[in-house]
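Here subunit A shows up in two complexes: once beside subunit B, once beside subunit C.
Here is the complex of A and B:
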């Protein structure tokens, strides 16, 4: 054994049948043979129990009969068309996003003279296989035709969105704008376009106009003025259109189930990131007051359990806000989750900032770059790239922690269980089944996030050491 | 010391023609440690000054004070008529006029070679992309690696990276170039390609201050050699004077150790 490891190992020819395989893999020496003999019956028994649970004894009718409840909870049934439309619009948004991302990667590869790897439709199936498997599981449990129709619509919308790959390169940013706009629209189909929702659309369209309006030969200050005007115009037009548009929806205090879990997590993640970034920069600021405030905030939040913050959001936030503002309990929960996650994001980003050699800062300053641009164009891109795994880990964590909302009486995905088991048929039975089903659901999305983070890491490392 | 020799020494401490960099009575402290002690030095337009000395003698600190990567504690530093003070605008202006090349190259690893070079002209000088890229390609030709424009720094050798760093500094069209031990981190076989670029730059009339251990370069290119030890300027002279007939004992000792 010891002598042979030093020699170059000969390539093992794939000869011999399954018997050889068994002998070389399962019984190569005494220790492995004992392990094999001991573990095989254990594994076999576990497998036997699992098969029994999943296919024979499991009361899966608890899922079949309550599928709608798990997905959308107590959301008003007569408003279900909104959720159906939302899923289809979301599929469109993802189609446009995936196509635009693929197209811009092809551009980048071409420009750098690297081999162009075309990504087909199949790559999406591979990337999000856990979510797709979960959707298939849902279809398996479905006892009406509606989920199948929604699926068909979603696939068609995704394919339609994929046409965005034919948008000419000059207008690539339009693809991104369209994708984010569809995402916002998907939200507003359910939530309605009332209140301040015009602001989100206005920001998206203003940013879209800013990046789309690149005039040939116009650069420098004049370009900034033109693009700024385009952005402001887009925001104003959005405001005017939204003022004409009367499209009330179902506010999110009436949402529940997986639908609520996904949106609450998305909002918490999207809000916590910029806040965490600002905190990280403030903690490294040369202004002592900023530094103290940021450090104080981070250490305070990190010392408090999330569940405490959630309760405080429900019971204390009201005293601190001006009278007349009475945010719904969902808004309070999202605020607490975002504030909580921001502290962790800040520490992760700070770690990334510290990993960048000081020479990068010096080189940027020596070139005459002002501090802001140095941060934005040199330090942050490298720092964030370095911490993608930790960052996504934190996001996965807050996604799963959204299940704590059950404790403050919000019926998110896990919380729906209490509604299910309040039913006469399932008061004492099938608790294991619902838990396993919910766990599979959380896992499917968390795993997809984890895989996407690995992919992003590899992609950003392409061509670099 | 004959009076003729004294005259040579006195001339050597002054810059030829009018000075583009004036350093007067500069002190610099790191905590209790005094890194620079009463430094007086002028550099004339189109002059090449090579700074040598043992490590820890304050050579790098001196040139880092000139573009304000370090803040001097006493005295004054004037670059092309602009005195360095706490005024950020002055500092920015001086940095725009001075290019710097570092020992560790400090290229931006997440940007291509072309992006590394065009970044400052576009963001600081606000040149249109096309114009910035034209300048960048000219500079890459000057350092003889135009074919690497689309690569990332990590794909290049050390010598190539340092030449890109020189091109990046030149693209801002600076009036002065500061070199902080540009060949010290390079493998021996790559030193020459970088020095060749620097020689050519000196021949083209660029004002340069070079901190280096390359005595051959100092001998061949320097108008004046400055020898520093323990934070002080010990001796200044023309290369021939400096290498063949140094005056100070400290200089003689240093030269005997390295030559």
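Here is the complex of A and C:
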């Protein structure tokens, strides 16, 4: 620490009983005392009204009777087993992912000779308390046993997935492949395995084969060829298997409710990242035309609201494709959201790229690395690591913005409201109850994400010192 | 050589994709016999806009665009004002020594930052106004002004009536004198500032300028025989609309209010961050000078914090303007709502969305222009 910066001395915790605490935190001087005296009755009244609303007057039957509608909207009820399976498979995927991540952190700590800090169960509860609380709220509102059974199944699947921590270190990548594969499977349980869905699985399995078979005994270039062959073989086998499978599903134009909100956000996030990365690199390219194109795109998109892009998707995109191709309105909305977020991701990544000292580039050039390798191995890992918190912030934003689909008549979590209040019993009542419930739902997920991003920020800053 | 070839290839690919998309667009438009010109702007809109009696279905589309731009600007300006004031209070409140104030501010920020602004807007429109506790216009609550027999405020779930201003003639002359008053006040401000710089006398420029402004306004008001009178709110005979006074519709209050509350949480975080970013030595120095708490904030901490805060605050203002487009969910007649209705009425989609985007780009440019000038004036002048 340099001598010129003076840090405030940490506030001394008051010693003594609760009375000392009250005096020092609520009545330290006249102005503060006045503030306390003014705020206390206001707060008390607000709390009184809140208690009345939540426990006495609130028509919460609007939620209990429509819980399924909020969760899955107009999704066909006879196909509900698919969503149930999806939740359980997702829990398995998260279990495998969490266990693998924890195991590789332990490995890294051992390698560096650092003490291994075990992440307790309690710390996970603390990190995701808002989502857990929301799930408990859902269970509280549940009328039937199904949500409880699903919950039990999900916990069991998560525990089963956690067994992945026993995968030996050499096959750590298998854990990651298994986790991503389970994610894909969870999606396809509902969406079916028709059309081009084999491609996603093939890519995952090919990448998995590439990183699982290291061919350590084989000479450099030969090993690359062997690994490539293994990857291609995995892809071909996937294709052949998928051609045999007959497993039609429920396409996402039939999804709605919270289920749709979560998947739409996930897709927009996943698609916007590579697009944003390409845009950021293009904006810093040495080739002027590319730079102008990227700059123009980014500035144009950042100057208009998301809804204009959604309008473009709804009203114009159809005209821009050849006659006959008619993507569903959800596909068009996801495209618009990804194109929109990409511009913001690009600016964040550009900030990261600019924060890398030029010495890094020079050092890489001095080592004789070609530009592509320099970017991939030196610049991007540092740049991306620096901007992870900002990226998470952007992803929270796109999650919240998925509520805009209501405006273009897609019934996501907020849009289900219109179905609920079309019912005779709730035409003019319980609007506040519905919206508070929806707000709590959005809040639970967004708050958990923002806490994670703060945690990451602290950890990354610690790594810098 | 290879790099140049790769980049040329990238540009060609982008060009080809654009050409393909636009080619399809031209073909499809030709097939459906839709033209690309903006002639539809002169055609009648064929729909009515609520709360705009001077606008009728025969009014041309370009007038609809103007109404939309006006309403977007109104919601934006009021939203920004609310967000600024509330955000400043909450941001400072979060740093307060008072435990209650700090915790309440923190809870406010954590709540509003993590819910979609659209949920807040819809909550206001449906749970506070339309189906909220207020009665409809027929049974509107009329709050009387004590002892005068006049109504000060009309509250209903669709619109509120507040006192407004009504002209009784001579408005132009009064407008000119108001302009003169503003100019005179500015001149006095400069004069006091100069005097202070030359002689070190206290300038009291706020008092002086306000005094001059009010004096000229009052004198001209009296001289012109009262060109403006207060227009008290009143319901029409059949209690179907607010006949006089100034009426504010619930759509406007929902959008401006909700966006103000939502954006205030972001503003508060920016204010807090920038106050914390002012070096602690500055605070210690002001303690050493025995400045009061208010003086410390007003003359030492806030001026420096503002320098850090202004660029992100500009971003928030831009976000708020763009977020007014969410009004489309509650039917407040701003540009997005009107464009959506207009496209639904068969106006060509491509041109309508292009106009919509140009309007928002215009707003973004205008706001960033104004605020960048402010920013430049606030920044430290290095000598």
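We adopt the following convention: the second predicted complex is superposed on the first by the 432 of 465 C-alpha atoms of A that agree within 3 Å, B and C clash if a C-alpha of one lies under 4 Å from a C-alpha of the other, contacts with A are read in each partner's own complex, and residues count from 1 in each chain.
Quick note on the criterion: a contact is a pair of C-beta atoms (placed from the backbone, for glycine too) under 8 Å apart; a residue touches a chain by one contact, two chains touch by 3 or more.
On a predicted model such as this, the values are computed, not experimentally measured, just so you know.
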With both complexes superposed on chain A, which partner does A:365 reach: first (subunit B), second (subunit C), both or neither? first
Taking the superposition on A as described, I'd like to know which of subunit B and subunit C A:319 touches: first, second, both or neither. second
Which holds for A:385: it touches subunit B only (first), subunit C only (second), both, or neither? first
More subunit A residues in contact - subunit B or subunit C: C
Look at A:377 in the shared chain and tell me whether it touches subunit B only, subunit C only, both, or neither; answer first, second, both or neither. first
Show me the residue ranges of subunit C that touch subunit A in the complex, using the header's touch definition. 3-4, 7, 10-11, 14, 21-22, 24-25, 27-29, 31, 96-101, 104, 110-111, 113-120, 122-123, 126-127, 130-132, 279-281, 283-284, 293, 322-323, 325-326, 328-329, 336, 339-340, 343, 349-350, 352-353, 356-357, 360-361, 364-365
Spell out the part of subunit A that touches subunit C in their complex, as residue ranges. 5-8, 25-26, 28, 31-32, 35-36, 39-40, 43, 282, 285, 287, 289-290, 293, 300, 303-308, 311-312, 315-316, 319-323, 371, 396, 400-404, 406-407, 414, 417, 428-429, 431-432, 435-436, 438-439, 442-443, 446-447, 450
Interfacial residue positions of subunit A with respect to subunit B in the complex: 111-113, 217, 219-221, 357, 359-360, 362-370, 373, 377-378, 381-382, 385, 460, 463-465
Subunit A partner contacts - residues on subunit B that touch it in the complex: 67, 69, 92, 95-96, 98-100, 102, 104, 106-110, 112, 119-120, 123-124, 126-129, 150-155, 165, 168-169, 172
